[in-house]
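One chain, chain A, appears in both complexes that follow, with chain B as partner in the first and chain C in the second.
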Partner chain A sequence: MAEELGFLVDSASCSGCKACQAACKDKHDLGPGILWRRVYEVCGGGWRREGEAWVPDVAAYNLSLACNHCENPLCRDACPSGAIRKLEDGLVLIDEDKCLGCRYCEWACPYGAPQYDPVSRVMTKCRFCLDELDQGLPPVCVRACPMRALDFGPVEELRRRPGGTADVHPLPPSSVTKPAVVIKPHGQADRAKAAAALVANREEV
Partner chain B sequence: MVRTGCPSHNCGGRCLLRVWVRDGAITRIDTDDRPTDDPSAPQLRACIRGRSYRARQNHKDRLRYPMKRVGRRGEAKFARVSWDEALDRVASEIRRVRETYGNAAVHIPYGTGSYNQTNGRWPANRLMNLAGGSLGFYNSYSWACISAATPTVYGTAVTGNQRQDWLNARTILMWGWNPCEMRDGTNSEYFVRLARERGARVIGIDPRMTLSAVALADEWIPIRPGTDAAMMSAMAYVMITEGLIDRGFIRTHCLGFDETQMPAGAEGEESYRDYILGTRDGVPKTPAWAERITAVPAATIARVAREYASAKPGILYQGYGMQRRAYGEQPVRAGCVLAAITGNVGIPGGWASGIALQTAGGAARWSAFPLGENPVKAEIPSFLWTEAVLRGRDMGPASGVRGADRLGTDIKLLWAVASNLLINQHANVNRSARILADETLVETVIVQDNFMTPTARFADLVLPACTQFETWGLADGWKYGEELLLMPKIVDPPFEARSDYAICAGIARRLGLEEAFTEGRDERGWIAWVIEEYRKTGYPGVPALDDFEASNRGLYGLPVKDPAVAFADFRRDPAAHPLPTPSGKIEIFSKTLFDLGRPDEIPAVPKYIREWESPFGPEAERYPLQAVGPHTLARVHSTLEGVAMLEEAFPHRLFINPRDAEPRGIGDGAMVKVWNDRGAILVRARLTERIMPGVVAVPQGTWWTPGPDGVDRRGNINVLSSERWTPYAFGNAQHTIMVQAAPAARR
Partner chain C sequence: MISREWPLVLFTLLGQSAAGLAFFYLLPLYSPAARAALPQLRALRLGAALGILLLAAAAAVVSLGHLGRMPRAPRSLANLGTSWLSREIAALVLFLIAAAALAFGELRDVEASIRAALAGLTTTAGGIFVYTMARLYMLKTVPEWNTAATPAAFFSSAAVLGAVLASVVLRTGHPRFRTQLPVVALTVMGLVYLEMFLFTPRFGLLARKEASPAFKPDPRLPSIFAVRMLLFALAILVWGISILKPEAAGPAAWAALALLLGSEILGRRLFYSIPRNL
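Presenting the complex of A and B:
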């Protein structure tokens, strides 16, 4: 069996510039509102006045997420037409010919990966740029990052790298879907969790 | 697939694109795919702006035909005309204005909407220089104060080490500097990341917790806009009183630090040390003093001072926003002085501060297209063109005029090429619109552009220009100049659009100057010529155009293995390698500025000066919020407006702290009216903790779209900005504005 592929997201170095999102949209010709890769801005905390000064206690960072091609894909389980399959190499793909466009998978996925295309009226999502992989190239999002904060590879190998986890605030516990993603958390992630930080750019994702 | 330089709109980067074309149309855009990504020559990865370019290129609103105005000016009523009629009219207007008022009545304003040698304003400058000249300008809307003030300290603007040297730094202060959004040279953000991985501690000082502060900074220190020189002065106070300055370096390399080294003719005047310690004005510039001004805790200021002075070498990288302000010269000089008194000048891992242009390794030339010589010697500061419209005939050196005692004429013909300056990007849009609408002032307005911009709406003639994908071009690496990017013509212009060069050649023909203008070359011919020019000046190995094109590499680079350090020779031996300042030394006290005799606004040592609109003046009662207009990834200045993928990623918003929003009843996503005495805009609010209380941000560049009530529906911050210029550089102070905000009334 081929090794399962996953993405590595260095949240500590992600600026939220969305070059990855744009690379994905241009390659796949995704229309407005369809984001196979989304960049979530997490922000929490507040301010206090100290003398004449303003002192921030603000925690902010970004999480760039595509599809995590989960070991336990809830999208697949939710699909009434069997349009979603998990392949041998771990990739979770939607067969758009079988998709009814019922959007159950969209509701089931805790990461917001399946994206409804109002033109073709089916669900779409990240395919890990299989055509690029076939040419020996990384997915376009990985190649796009000006900060070199994205990577990919066999997920077991990514998990062995230091500092990675799939449990970063405010993502759901990784035990839910067992996502094939490794995230290097930002230094402020713990503070953000303590401050119950939320996704601050909801209208953008 | 063709490799090409990203259309160069003065974003702050120069990246490599791969462009796919099918049936004459661009179908996909990706970026640099070189197999290596070594720090000596890293990949030039495009940002979301370049990656979104397909939508701009294929946009339904591209200008298709030449048009003439048929309504009142500014009404934007136009009728299609032939190219012959349009070009005849341009030529006859140039002739008429030239004969009636003289060549100095013609002005080609600043603008950076196209930047590839043959497209953009350069061909127009070349043509006018052949046609008797036109009123020139100096300086820019980007760098007015920093390019004028840096040489007052160092005698030169070439103060920067090459970026690979940043990896040697232990401390990096990103002071109002946000390379993740404005890039400031492709890969600058990446080099900071590499420096951090090598152990540098990075501090971001900015009223906003920018993308760079999040991704690059170990600590973010919010500071009230316009008060940077106060914090810098208090840092100097800490360094001086705690003995953290580099006394040896100051003694041998600097001038005017204290009373022992004052220049001749200024003995006994206030030295920098006098100012900092308050020996003359009775105000020691202590951290507590600065806290009241900057809103930065005194203890934080002291800690940063100790860190920058002790954990050396260190970089105090000055962003450009703080110098587009009322006294923008001061933080530039103050930052340079901190670099000097800590001895961070001329050493690996250090940084002299200032504008930091590059010396070795092929500094950016921006354009090598030959302009010829302008027979009109008079120049105005780029920001003062409206003054030259209103009172040009009497303008002289007191208004920043160079090369003439008086202009002798007002501007009567404006020819804007790839420039949305006249309305959108100049300060105080409503004022600019009133000036341009008066047809007795500027008699002729010609605009060449890709779209019907707010500036084009005020044109008498609109000429459809092609994009940079539709003609031949060449760009060099932005600021850092380590590569040349070839920009072949990839697709044909739509409908009747032409290159700026071709348009100018057509006008030249009508003025009897075609041969002199073209020298027999078309756009491609000039790029071949320009490549040879670069070969002579720092790129000896660049392939000739035919080979460059055939290789489809798109790029010729100069890898930086041994990064240059500015002022290394001066550091080693200041007597043998003096600076090009009057004293040959680093001028902490500038006798040149002292002799201007305007100490309140142009002090001889850098000082904090309260801005003319600030939270500390009576204006704050009506307008209590400071507004800044940062650069955004959604646009390059006003270019890329109307691209859905960008608006989706970075919607145009008023960024406001909940502490300011909630008392005003402003909710997240609500439509808000923001106003001051100059005008009003509508923009939706984004409540965010990532901006300090008392400050709001409206990213600059959206296209002015006034409703019937005159209120701008598209949230252009220049409706609110002021045309007042800075005292020494005659630069734009567009970020120095106070505003009020409230929920927009329901209609």
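Presenting the complex of A and C:
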């Protein structure tokens, strides 16, 4: 059986430049409002009193996410037309010729990966740049990152790298879908959770 | 409300009304009391079957508005193994077939036992349809939907819409046909009000209040919940007046139904405002 592929996201290194997002949008010619890769700006906290002084107590970092090609893809189970399938190499793909455009997969996916295309009127999402992989190249988002904050490879190999997890605020517990993603959390991730940090660029993603 | 949810609001309201009507309309019409009280019973039963069929068919048509690719709608039955949406559509098809068979049976005046069995099948199929509709929303990844409050809310809506609609139709069209239905409807309204007060996601006294960590709560929602409760309370009040003052029964009953529908639409607004993913 082929090794399952996944992404690695180094949230500590991500500067939030959104080059990955733009490269993906450009390569796949995605229309307005469709982002197969999204950079979430997580922000929380405020001011904390220390003796007589007020000091900033802010937690902020970026999280670049695409489809996580989950081991247990709830989008596939929810799809009424059987348009979503999981390949042997772990990739979860939408057959756009079978899709009804009912958007139920959009609800079922906790990461917001499947996105509706109002032009083709079907659901679309990250395909892991299969055509690039066939040419021996990394996905365009990985290639575009100036900080080398994105990587890809067999997910088991990525999981063996130190400091990785898939449970980072504000993502849902990884036990639900078992995502094929490894995130190196930002140093402020725990503080962001404690401060109930929100996605600050909601209008953008 | 996000405009794309409108077909779903109408679909759920029409579908639940049809299922509720099957329960509260067919039962009295197939009771021994109805046979004694109504010489025109057959026409009434045919009207009931056609009414249920019409509402369910309207729900089916409206649901197509939610699809990007309507011609591919038959494919929605392709994943009955794991998809509750597929199962919901299958249940709707069964409900439509049962209601159509009942209407046909009444039209052709087939044997009474067969018509009674078809009425039972229609009512059961309506119940299954509402159950699958509720299960569809019980997604593991949406904690506020994934509770028993979702089927409770859907069955409550079906019960209250069905009881009030059945009662309004009977009181308006056949005022001499006296049943306990208006009082039953009042009781159902009271119970549903209590259910809303206790279990409405996020606002109910005993409801799960765990919101998605990534979203700032919409500050308008508490006011919408308050208006929903107020409209529903007014519907109960007006319905009560319609029972106590028979001379005003018709207009008051219709007014109560309108208030109830307004409250239910606001209820859907609250329901669909729950964030579903990151």
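Descriptive notes on the structure:
Following the convention adopted for this analysis, the second predicted complex is superposed on the first by the 198 of 205 C-alpha atoms of A that agree within 3 Å, B and C clash if a C-alpha of one lies under 4 Å from a C-alpha of the other, contacts with A are read in each partner's own complex, and residues count from 1 in each chain.
Quick note on the criterion: contacts are C-beta pairs under 8 Å (C-beta built on N, C-alpha and C of every residue); 3 or more make two chains touch, one makes a residue touch a chain.
Owing to the predicted nature of the structure, the values given are computational and were not obtained by experimental measurement.
When the two complexes are overlaid on chain A, chain B and chain C sit side by side with no clash.
When the two complexes are overlaid on their common chain A, residue A:V140 makes contact with chain B while staying clear of chain C. Touch criterion not met for A:S174: it reaches neither chain B nor chain C. Touch criterion met: A:E203 reaches chain B, while chain C stays clear of it. In the superposed model, A:R121 lies in contact with chain C only, and not with chain B.
Between chain B and chain C in the chain A overlay, the least Cα distance found is 10 Å.
Counting contacts as defined above, no chain A residue meets chain B in one complex and chain C in the other.
Those residues of chain A lying in contact with chain B across their complex are 12-19, 21-23, 25-27, 32-33, 43-47, 50-56, 58, 60-62, 137, 140, 143-149, 186-187, 200, 203-204. Listed in rising order, the residues of chain B touching chain A in the complex are 28-31, 33, 37, 45-48, 51-52, 54, 180-181, 186-187, 189-190, 193, 209, 211-212, 214-216, 218, 220, 222, 291-292, 295-298, 300, 633, 644-645, 648-651, 657-659, 669, 688-690, 692-694.
In the complex of the two chains, the chain A residues touching chain C come out as 40, 65, 74, 76-83, 98-104, 106-112, 116, 118, 120-123, 169-172, 176-177, 193, 196, 198-199, 202. Of all the residues in chain C, the ones that touch chain A in their complex are 4, 66-69, 72-73, 75-79, 82-86, 89, 136, 139-142, 212-216, 276-278.
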